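One chain, chain A, appears in both complexes that follow, with chain B as partner in the first and chain C in the second.
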Partner chain A sequence: MSVQAPARARGRAPDRTGPTRIKGNGLAFWLFFTPFLVGLVVFTIVPLIWGATLSLFEAKGTVLPTDFVGLANFRHFLVDTAFLKSLRTFTVFALFIVPVTMVCSLGLAVLVNGLPRFQSFYRSVFFLPTACSYVVACVVWRLSLFNGLESGIVNQILGAFGLDAISQWLSASPYWWIVLVSVRLWLQVGFYMLLFLAGLQAIPSQLYEAAAVDGLSPGGFRMFRLITLPQLRTTFAAVLLLLLIAAFQAFDEFYNLTGNNPETRPPLVYLYNIALGSQQDFGTGSAGALVLTAIMVVAGLLQTGLLGFGSNDEGRRRFALRLRRGGRSSR
Partner chain B sequence: MTAQMHIVGSGRRSTGLVLRYVVASVLALVFLIPFYAMVKTALSTNEEIYTSEFTLWPAHPQWQRIPELFADPLFLAALRNSAIMAAVSTSLSILIAALAGYALARIPHRAAKPMFMLVIIVLLVPATTAFVPNFIIVASLGWIGTLRGLIIPGLFSAFNVFLFRQFYLGFPREVEEAAYIDGAGFFRTFFTVVFPNTLPFASALTVLGLIGSWNAFLWPLVVAGNGQGAMTVQIYLSSFLTAQTFDYGGLFMAATISLLPVLLVFFILQRFLVAGIAATGLKG
Partner chain C sequence: MSTKNRITRRSAFALGGATMAAAGLAACGGNTGGLTGGGGSDGGGGALSQWYHQYGEEGTQQAANSYAADYPDAKVTVNWVTGDYATKLSTALLSGGGVDVFENNGIAVDQAEQGRYVDLTDIMEPAKGSFNEASLGPVTIGDKIWGVPMIVDPQHFYYRKSLFEAAGIEVPTTWEDLVAAATELTTDKQKGLFLGNNFDANAWAMVWAAGGSPLNEAKDAVAYNTPGYAEGLGSIHTMQKDGVLLTGAPSDWTDPAAFSSGLSAITWGGCWALPALEAAHDDIGVFPHPAVGSGGKEVAFMGGWNAQVAGNSENIEAAKEFVKWLWIDQTEHQTDWSLSYGFHIPPVTATADQAEALKTGNGLEIATMAKEIGVTGTPEWTGAMDTPRLDAVSNILKNGADPAEELAKAEKASNEAMAS
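What follows is the complex of A and B.
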């Protein structure tokens, strides 16, 4: 396939932002774009339409619509106490995991950033669990650390502090949250530490010098509160949203640690059990997927607006600008 | 170093510094406990695992578990499927996204703008909740329990297309112009000049892709079906974990083995990963 493009006319003012002004062969664009477009249509757009259609039908044990039921699947889903309970589970989980991860990742970042030597060694160790899968971590958490035996490592540590061993880590209410939160914390805190480290290292050192001249003790808490924290606010916003979205999509550790227990069943595990559990109810499952997708799209729009696709420094800088501008005009 | 290092009375500073290293080292040990527990259990006899006696290291390390596992056809199939999935899905998804991103950024066409809008809209649709509609499609295609079903639906990432478009917008134009003047077409220019220069940028995505697909759980669980066709190593581990196996030692050894390739990739390519995350704030 040879797609010839004539050499660019000389002397034209270079346009650094728009597409190259080479006269394009219309075919070339489609040759480059079609692989993605076909996949997008077959594996995103068609499924969405098919799912939206199924959500209006009864479809149990089949992926083809059987009886038209209107919005009954949605009504069933939205007033379903089990679903509302799964949203409550998410809320409880988020109330634990978001602040804990935030504080720990910021603490680790400040700690690592303040080490003059071996910084990359400590950073690597704290980041290492990110490479581990949820399943492997769940094997260790469920059958070793929190196995409920007296020889279990966490029970050993409790014993060292003179506390009684706990045997029902995954079968009783306050305990399972400790297991569920600690496994996710261990797996993801290093990732958020990196985001905070990048944020910390982007703070201009002149700010600290100026504050020191103004009499703040270097490295002190007031310096941290008055300079470091405000300078990190865009990182805070990014981390907060990423943590919330990740917590809403929590599946792996719940599936592998507490299974289908209605008391600890976040939305995705609930959805999985409706659509792919023993019922194979694809009508209700599709309705549920749409409801959850809608919630996520709202969160995504929020993220887009705040972070510029949460993807680059440019977006964050724009976000910071907007915050500053908004802050000024609203006060 | 950074702004946090300051001129304080040297005595106070060095105690503070020692304290910092002590705290950092203790935390580092705490972070490594799960790895230690995993390897220790993998090498313990099942009797040692069940006792209430705590031991620091197994008296008789059970190394024979490694050859036992590699004699298990199901485990081998799971390792093979995971490796194929990681390699194929990472490389193909990056290539597809690079091509599409290049088209949007550099090939003038009427359709470029509407197609970019499409990418932006799709960006907002979360991939995780898509497992129900995707299951429907894959089931209709008869791909349940196959590698095709495991890999192909995940190859088309609007987010990566977006990233590549941004990257190519800032790509130095002179390089391509030289190729065009030499008479190369879009395809030759892309594959001989542009794409090779993309690889440093793509390396962070590659590491994230390799680790992410090796560790993926929800979609492989949905597609796995019965049998070995699409059984990945995570599903293998999970099926033993949730079925309350009694061979804990074997399960832990399988978990340890499953972790080794990821750790290898992680250590070799960590600097790309760290740089990539710091620059883009993205994961998986």
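What follows is the complex of A and C.
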């Protein structure tokens, strides 16, 4: 089997800016593409269509639609206080986890980027927790670090500072937020550090040299504020979007650490209980999943428009202008 | 691109077919413990997959395997399910995920109506007189019996007799007495009471202890909202605030480790923990859930496990025969399962009467509780009805919400769920 060489392997790059067309042996293309296509159809497209269909039907204890109920399953979520409370839980969680992860991962990236030696070692060390399972991390957090006894590691540290041991790490607010945020922070900070590190290393060194010529001290905070931060804007927008989506999808640590507590039950745990817990109500669960998806899409579009993920400043200004015009016309 | 390199329609179909075949083979490779084909050389009854949840007691898995191996009429594969058994079982029963015989501790009327279980009335009817009457309640809907009781597991309080004697405390018969005893026994080194890490281990049994029940007699409305229930749940929150309750223990209430290691003076627990506790201490005592409020009564909650046959099994008759053989006909394995590893009460009365462990000491007290003041759930109680109650309990215990208000809201929501 011969593989056809790219048409313009050498010489000037093509002018067009659209997606690169895959060229080569047709059989090879289908060989690589078919498993992906089958996976996409079986695990994403069919369940999506199936879920959308179920959301319009009653489907209790069965994954097959039974009685058509129209939008009743969707209306349920508008008045369901438990679901609205789960959205509040997500909001509180996102308010903690998103900024904390951004600051920590940016800080680590700046520190690692500034290392003269052993940079790859520290990069790997901070990235390693990403490979750990949430369930395993939750067990360690619950049994060892945030054990409610005096022998718990965090309680021992508190004791060393003369503070009382806390026995309610997982049973009282605000302690449970410390446990929930810290476990996710530990697991994901390394990944976002890598994104920031890539962003930092893509900043042209000439910018720093020019700024130094203009009087900014190299490595100083003003250099960081005036050169580094603006250059990382696109990375910030991408990290923010990814962090928000990840926070919306939070499940494992809540399910494993605080169980079915209504105060710490994010939307996915709530929907899991409806569809796959004791209720087995797949119609309502599917409607809830679509409501959540809609919220995430709207949040993503708003953020993309406001922060300009993948667009230029002009695009952002136009989006803001459209929003303002929309607001005026609605008044 | 040359024509010879372009994929033809025939080769595309061939590739697609090969992919589907590979996917099929991959699916066959999963160890689901499912049906491996009926009939043939394995005895004529087909191959059966039997599901158990993961018991904590040492030796139980080996015992389950040996019972399956002893069955002469079919090849039975034991699937020892770790983790969230209820959810995995639910999914398997819904999707036909390779389960023929399974154990279940919560038969629900909606799932029976949905055809998840096989009606076992024909094998149970001739034998039901030999079963403890309380054990049949959770498996009976109307005049149909959907499961065969395997073990009965009363839940009650454990306490350290020496601590009670040293403090001059009598065994509590009212919830007020229990709160006072727990408060009195709380020290710097030891908490007075352990109700699980979520403080709600006894919250279900308390429904009966406070004079209520899951459903009213007509079974057309919930009946758990009583003044006693509100009072009892409120006092748990107060104990938690006052530092009387053990919280944040490494293991939860179902595991006797926290109580056994001296972290609390009293604990809610199950009878299965008795052998481990008596091996660790010589002053273990038991008492039922005390009466809560003025309309309350002492109760022991009768948990337990029942053998059932999956509605989507491809080998229903063989599965029923196996269940009949293991849990109705022969008594040797029933006694072994109940008393050789942990401590459970055999639901067959004649078997229980002959068990030495139930004739003296704590074993006798637990058996007496089960016989005289045992209460059980009802299959008409569904998850949709329970969710508002669970949320209310959590809000009261963890957030100090007003018990009467929370329970009133939950009662309304449970009734709506029942009507829907």
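The criterion applied here is as follows: the second predicted complex is superposed on the first by the 249 of 331 C-alpha atoms of A that agree within 3 Å, B and C clash if a C-alpha of one lies under 4 Å from a C-alpha of the other, contacts with A are read in each partner's own complex, and residues count from 1 in each chain.
In this section, a residue touches a chain if its C-beta (ideal position, glycine included) is under 8 Å from a C-beta of that chain, and two chains touch if they have at least 3 such contacts.
All of these numbers come straight from a predicted model, not from anything done at the bench.
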Examine A:P35 and indicate which partner it touches, taking first as chain B and second as chain C; both and neither are also allowed.
both
Identify the partner contact of A:G26: answer first if only chain B is touched, second if only chain C is, both if each is, neither if none is.
both
Identify the partner contact of A:T44: answer first if only chain B is touched, second if only chain C is, both if each is, neither if none is.
first
With the two complexes superposed on chain A, say which partner A:A160 touches: chain B (first), chain C (second), both, or neither.
neither
By the touch definition at the top of the document, which applies to A:L170: first (chain B), second (chain C), both, or neither?
second
In the overlaid three-chain picture, which partner chain does A:V213 touch, first (chain B) or second (chain C), both, or neither?
neither
Kindly classify A:L143 by the partners it touches after superposition: chain B alone (first), chain C alone (second), both, or neither?
both
Residues of chain A touched, compared between chain B and chain C (which is higher)
B
Of the two partner chains, chain B (first) and chain C (second), which one does A:G259 touch, if any: first, second, both, or neither?
both
Check the residue A:L194 against both partner chains and state whether it touches chain B (first), chain C (second), both, or neither.
first
Interface residues of chain A shared between complexes with chain B and chain C:
2, 4, 23-26, 29-31, 35, 63, 143, 149, 259, 276
Which positions of chain B touch chain A when the two form their complex?
1-8, 16-17, 20-21, 23-24, 27-28, 31-35, 37-38, 41, 50-55, 96-97, 99-100, 102-109, 111-112, 115, 118, 122-126, 128-137, 139-140, 152-153, 155-156, 158-159, 161-163, 166, 169, 173, 176-177, 180-181, 183, 185-188, 190, 211, 214-215, 217-218, 221-222, 234, 237-238, 241-242, 248, 251-252, 255, 258-259, 262-263, 265-266, 270, 274, 277-283
How about chain A: which of its residues touch chain B in the complex?
1-5, 7-8, 14, 16-17, 19-26, 28-33, 35-37, 39-40, 42-48, 50-51, 54, 63, 108, 110-116, 122-145, 149-151, 153, 156, 186, 191, 194-195, 197-198, 200-201, 203-205, 207-209, 212, 218-219, 238, 242, 249, 251-252, 255-256, 259, 268, 271-272, 275-276, 282, 285-286, 288-289, 292-293, 296-297, 300-301, 304, 307, 309-313, 316
Seen from chain A, its contact residues with chain C in the complex are 2, 4, 23-27, 29-31, 34-35, 38, 60-63, 82, 143, 146-149, 152, 166-173, 259-263, 273, 276-281
If you look only at chain C, which of its residues touch chain A in the complex?
1-2, 5-7, 11-12, 15-16, 19-20, 23, 86-87, 90-91, 94-95, 106, 108, 110-111, 114, 116, 197-199, 240, 243, 246-250, 263, 382-384, 386-387, 390-391, 394-395, 398-399
